[in-house]
Amino acid sequence: MQGQAQQQAYDRGITIFSPDGRLYQVEYAREAVKRGTASVGVRTSEGVVLAADKRSRSELMEPASVEKLHKIDDHVGIASAGHVADARQLIDFARRQAQVNRLRYGEEMGIETLTKTVTDHIQQYTQIGGARPFGVALIVGGIENGEPRLFETDPSGTPYEWKALSIGANRADVRERLEEGYSDDLTMEDGIELALAALAESGEDDGLEPDGVGLGTIHVDDEQYVDHDAASIEGYLDEFGYLAPEDDGADGDAEGAADE
Amino acid sequence: MQGQAQQQAYDRGITIFSPDGRLYQVEYAREAVKRGTASVGVRTSEGVVLAADKRSRSELMEPASVEKLHKIDDHVGIASAGHVADARQLIDFARRQAQVNRLRYGEEMGIETLTKTVTDHIQQYTQIGGARPFGVALIVGGIENGEPRLFETDPSGTPYEWKALSIGANRADVRERLEEGYSDDLTMEDGIELALAALAESGEDDGLEPDGVGLGTIHVDDEQYVDHDAASIEGYLDEFGYLAPEDDGADGDAEGAADE
Amino acid sequence: MQGQAQQQAYDRGITIFSPDGRLYQVEYAREAVKRGTASVGVRTSEGVVLAADKRSRSELMEPASVEKLHKIDDHVGIASAGHVADARQLIDFARRQAQVNRLRYGEEMGIETLTKTVTDHIQQYTQIGGARPFGVALIVGGIENGEPRLFETDPSGTPYEWKALSIGANRADVRERLEEGYSDDLTMEDGIELALAALAESGEDDGLEPDGVGLGTIHVDDEQYVDHDAASIEGYLDEFGYLAPEDDGADGDAEGAADE
Amino acid sequence: MQGQAQQQAYDRGITIFSPDGRLYQVEYAREAVKRGTASVGVRTSEGVVLAADKRSRSELMEPASVEKLHKIDDHVGIASAGHVADARQLIDFARRQAQVNRLRYGEEMGIETLTKTVTDHIQQYTQIGGARPFGVALIVGGIENGEPRLFETDPSGTPYEWKALSIGANRADVRERLEEGYSDDLTMEDGIELALAALAESGEDDGLEPDGVGLGTIHVDDEQYVDHDAASIEGYLDEFGYLAPEDDGADGDAEGAADE
Amino acid sequence: MQGQAQQQAYDRGITIFSPDGRLYQVEYAREAVKRGTASVGVRTSEGVVLAADKRSRSELMEPASVEKLHKIDDHVGIASAGHVADARQLIDFARRQAQVNRLRYGEEMGIETLTKTVTDHIQQYTQIGGARPFGVALIVGGIENGEPRLFETDPSGTPYEWKALSIGANRADVRERLEEGYSDDLTMEDGIELALAALAESGEDDGLEPDGVGLGTIHVDDEQYVDHDAASIEGYLDEFGYLAPEDDGADGDAEGAADE
Amino acid sequence: MQGQAQQQAYDRGITIFSPDGRLYQVEYAREAVKRGTASVGVRTSEGVVLAADKRSRSELMEPASVEKLHKIDDHVGIASAGHVADARQLIDFARRQAQVNRLRYGEEMGIETLTKTVTDHIQQYTQIGGARPFGVALIVGGIENGEPRLFETDPSGTPYEWKALSIGANRADVRERLEEGYSDDLTMEDGIELALAALAESGEDDGLEPDGVGLGTIHVDDEQYVDHDAASIEGYLDEFGYLAPEDDGADGDAEGAADE
Amino acid sequence: MQGQAQQQAYDRGITIFSPDGRLYQVEYAREAVKRGTASVGVRTSEGVVLAADKRSRSELMEPASVEKLHKIDDHVGIASAGHVADARQLIDFARRQAQVNRLRYGEEMGIETLTKTVTDHIQQYTQIGGARPFGVALIVGGIENGEPRLFETDPSGTPYEWKALSIGANRADVRERLEEGYSDDLTMEDGIELALAALAESGEDDGLEPDGVGLGTIHVDDEQYVDHDAASIEGYLDEFGYLAPEDDGADGDAEGAADE
């Protein structure tokens, strides 16, 4: 481990190795991810659940404009955490790749292939000079050959496959919640409950507000990404007991972590 | 949070991450926005209102040459705050995109699409080396499919949709004023009143002078951007009680914040 | 406001934002403008007046070689202040733009369009790396659709329209003189008097010498840029009482500010 | 040998020589390799064995997504240690080279040729500016002309041929274990035992868990890379006595070194 | 005015503005000019005179190889002072421009046009990164439309027209001498006398040696650049009383300023 | 001579001159050569001898993979010392040049021409920015027009021709040994003895092991590069008394200098 | 004059001006020349003499491989001093230019033209970024139109013509010797004697050894560059009394200055 002064020497200019073999710009980009509100992914026996904390900074902001969940193709969605403008670049990149795959091969792009195409793109920004790394992590979820798949991309450009994971704020607490609640035979509804529970864990408020939550699911039966509306979300929150009390944080404004 | 000396290390050369995951050049560009006079946007049930503080530095300067409101296409206008020369680049970029869209698809460009095309352009200047970020924020307002839409672009390249917002000087005070006065069923005239009230909040003088205010509206009925002249503005100011007294700041010169 | 040591950190290398949102290289380029001798522009009801302090550093220098006034096209002239070699680049750029416009559209280029083409060019040098900003300000004056127009370009690349303005040395004093003397119904001759009065205000000597003054006018009647010769200028100076006494500063050498 | 302060001077920007003739960026990249979990290769008389520590950071992570072993072509596999995203780039590069060789010459690429093509690629990143070295080491194993071959690539771009080797964490201890157990007449099963023994040496836990181990073999008889599944691995671990006790580290999470 | 330490901060890397609006690299290039031996130009009613101090560093050096005077075209010559190798680049540039002009337009290039083409070239090296400014000043003299013209180019890229001027060592003293002796009705012979007098002023020795002086003239009658030989120069020096005594500085070596 | 602190100032970034006219990056690259194990070349009346210390770091490493001797073409071989990955680049470059020469001119490339083509390539890396120098020295030996030739290339890109030389560790001691033993009428066998004696001098152990030595010869009679195998080498070592005792350093591992 | 610390500020990165108008990188390159052994040129009435100190560092080095004298074309030779690898680049450049001239114009290239083509090439490396200056000086000697010509190129890219000169070590002492012995009516043999005398002056030993001296002559009669062999040189050294005594420095090794 390095002292403060020495560390400083390795985190300027292009991304280079520190004496202990670390890439500080990549690690700082991970900090940018932690500064973002949480997103959660859960793989169930029936499909994939993506959920995101999308509380806005003001009641005047349109909840829909807080972009945390993105449909990439019919069969695949992505949840992001971290630097919003960077996320948009990767989302666009993923969409173009999915389209090109459909055009070129006449079939849907595999979730793993899509993820790795994105991580290879991310890696280039950590090795070649003239740009900084992407300050964003993604959860890529979808159906491939009838099976639900769930991947993570981090700022280093490494792909990981998960059964359930979170990215963004309070990752350690949320992971603990996920590990407690996960089992291989979750139904889609179980998965939604677990995802919302994890999301509630990531924030500081009592419960969640429908407008401050994003929820997307892809079922193995129809392989269609479904973006749930506020009514549907409110139903789930109410059903599972995560609905915030009326008088508390009435405007749903995030005071703590917020994607920038 | 970092100390002063340490912070310095992360805000030079190309835009890179600080140890806590921040992009200082982007944050400093946000300061450039705060140094600019305020612009305000209000979405009403009847259309969109854009208003701007365009007080000039001298009575000899032509009020019309203080560029804060810009017609982009028939159905969309943009208000800016911050570094004026940078704003002009983004305005030109937005106009070209709108034109190209008309030529290519034979129809008007959507407000959200236009905004995101602009923010993607902005983002590139925060990640790729060899240039600095844009020191400007924009309010993009217009009609899309008969609905009024109102977006913000910030120096990080993030798009946000708002019901009402301000950019530039004294943003916190102005937002408070907007939150107090906003409701979903505002008429266009209500919106103009709220926008002027917010603008008056942003300055230090008593009231506003017609020459020092820019006002643009786009009504859902005709989807035409209207740039209001000084007489029209004086009427509104008088009607709503924001007209500056004759003997105060007679030349309308801004002593405080001014776009540069 | 920043201390001296901190400020230094933001004014090297390419043009980047300081923590308070300023672009120091642009501000330093403005200092280069202030180091130049003054130029003045006055818009009258009959046309535009451009005047410039063009005192040379030695009696052996040809007065005509001190370039402060430039004919750009029949209907438009430019006065400059600041770094002379930089000014030449922008003047050449403006001339080429005006010529191209004539060739392409078969008509004169508008004064506002011309100005903004120049300021967009200037802005690029403040955002893209690999070059420094232009250390020069310009007054662009001309006739557009029968109306006199008068614009300023500054080193940030911002265009402003003025009724009357000065650039270069002692700007504050000169502006005060212009504000005192300006009214909307000035004749061309009134405008020349005001311009010469402002110019006299900018220097430290008693009065002006014909060889040390440049004077250009464009009348709405013929829309022709007229470069006044020393005899004409001497006439005006004599008429308005700004002619320097014979024994004072007989060689017209500038001891103070001088464009370099 | 250099002091701490002096060393700092030679490890920034592009890869350059230090006064004692060292390339610090390359040496720091070697540290990145040491931070990774171990991979092992053993050449036996019957073929090549590749094994890797692929313990994941969480029980929720899919073991298969921890990429340490990669099939490159029918007759060749690669085990990696270090920066995972960098490894992916080299793996992709190796696969493309192997494919191109098949297409161009109609035959399998030789193991030595493949290794050297990869190391030449790595070397370029240590000499030409504008990028950092690769933070990864590879073990390239395969069959060439009926003979098992085993190579190492390091971050400097040097190829070495080995009888048995490890890369990644605790290299010195693991090498000692390999040297003790190696002989030229090992059978494939002997090789697997030695590889697992070495891998067990690299970690801190008692024994190995099937999910936390990767095992690949290429037999001289069929020249086919075989990626062993968890059941097969569990069999070997049980057979050779390296199976972790049930109650110890039940979730196989790596607490120590982990590839990032 | 800046202190020593602060000044240092603005004179490295590419040419940028200092806080007081100066371009230090350009000012340092001017110092390179001052380090060179003097060159003089005098415009007379009959033509242009160029003279240069070309004392060599050793009696073994060929006087002709000290390049201070250069024929550019039949009707134009250039005298230089400063960095010799830089001067050669500009001289070559000027010659190519003059040739191209002849080829393209079938006529001689105007002296002013030629000068400004050269200064525009010089300016580029002060604004665009990747090169340093030219460390040389030029006196461009020639006949244009039957009139003698005399220009200066400095390291900033500014063109000036003069009646008489010097560049290089001891400029202030030499200018004084030129101002004393100049009048508009000088004959060519008067001009030669004045040029030699000025040159004698620039050095520290008593008088000038024929081998240490360069003399070029262009008469309005034939518009032909004449490079005077040592005999001709000795005649003038003798006639005007500037011939150095035999026993003083017999080898004509310059001890003080010398172009490098 | 410069102090420690001052020296530091001249050895970063691109290769530039120090105040005393040295190129530190080149000198540091020479240090990289000294860090490598020794290689030796001897020119005899019957041909050229190349020998190299190729002790490996571990008994598990294949001796053949320690690349110190390289056949370039039938009639020419190269021995290297220093940074192994850099050596590979130059070896490849030399091989391509030799092939191209055969194809283009239908004959073998001359040893001197080949050497100078390589040194010109090396020099470019010491003068042009964007890369570091090569950290390797080469001994190029071969037959040209029936005559044995022996050249050295160093990191500055200078070619030298030698009768006998060494590169790498302990150069001074080895040269002394070579000077003692050299005479112009050495037979090939004499040359081999001298080369092995010199090699033994370079290490710290008692004697040499066959596996730790590389030996290549090119005889003037057949002009064929011969790479001697371990048996042949053992014979020579035994014959000349340089064979290491059995119980000493049985595994031939280099403890001291080793190419990296 | 600048202090030590201040000087440091102007000698890094690309070649830029110091506050007193100097180019330190060029001056340091001159130091590299001084570190080289001396070369001498003498122009006689019968032709040109080039001589060089080419003592090698070891008796095992081939004297012929110390490259100080180079035949460029039949009628022109070059002697160099300084960085050997840089010299080779300029020699190659000069040879290509001479060949191209013959091919294009069917005649020999003039000595002055050749020299200036080389110096223009050198100058580019002192003004354009991305490379360092050449650390070498050249003496270019040859016959042009039946006349012997002798030029120098220095690291700034300035061409000088000389009657006699030296470059490299101890230049001041050698010049003194040349000035004492030079006269315009030297025969070729006189010139050889003077050149050898000057060379002897440059070293510290008593006398010169044939192997340590290079001698080239070009006679006006045949205009053919003659490279004298050791026997011829020994004859001259013996004849003129500069032959080193047998027992002194028997191996001719240079202990002091040596080209690198």
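Read from first to last, the chains carry the letters A, B, C, D, E, F and G; within each, the first residue is number 1.
To be clear about the criterion, contacts are C-beta pairs under 8 Å (C-beta built on N, C-alpha and C of every residue); 3 or more make two chains touch, one makes a residue touch a chain.
Given the structure is predicted, the values throughout are model-derived calculations rather than measurements.
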Chain labels contacting subunit D and also subunit F: none
Shared interface partners, meaning chains that touch subunit B and subunit E: C
Distance between chain centroids, defined by C-alpha means - subunit B, subunit C (Å): 31
Centre-to-centre distance between subunit F and subunit A (centres being mean Cα positions), rounded to whole Å: 55
Whole-Å gap between the CA centroids of subunit D and subunit E: 69
Sequence positions of subunit D contacting 2 or more other chains: 12-13, 129-130
Topology of the chain contact graph, where touching chains are joined (line, ring, star, complete, other): ring
Chain order around the ring, beginning at subunit D and proceeding next to subunit F: D, F, G, E, C, B, A
Residues on subunit D engaged by subunit F in the complex (per definition of touch): 6, 9-10, 12-23, 116, 119-120, 122-123, 126-130, 151, 156-165, 175, 178-179, 182
Subunit F - residues contacting subunit D, complex: 4, 7-8, 11-13, 24-25, 28-35, 58-62, 64-67, 82-86, 88-89, 92, 125, 129-135, 260
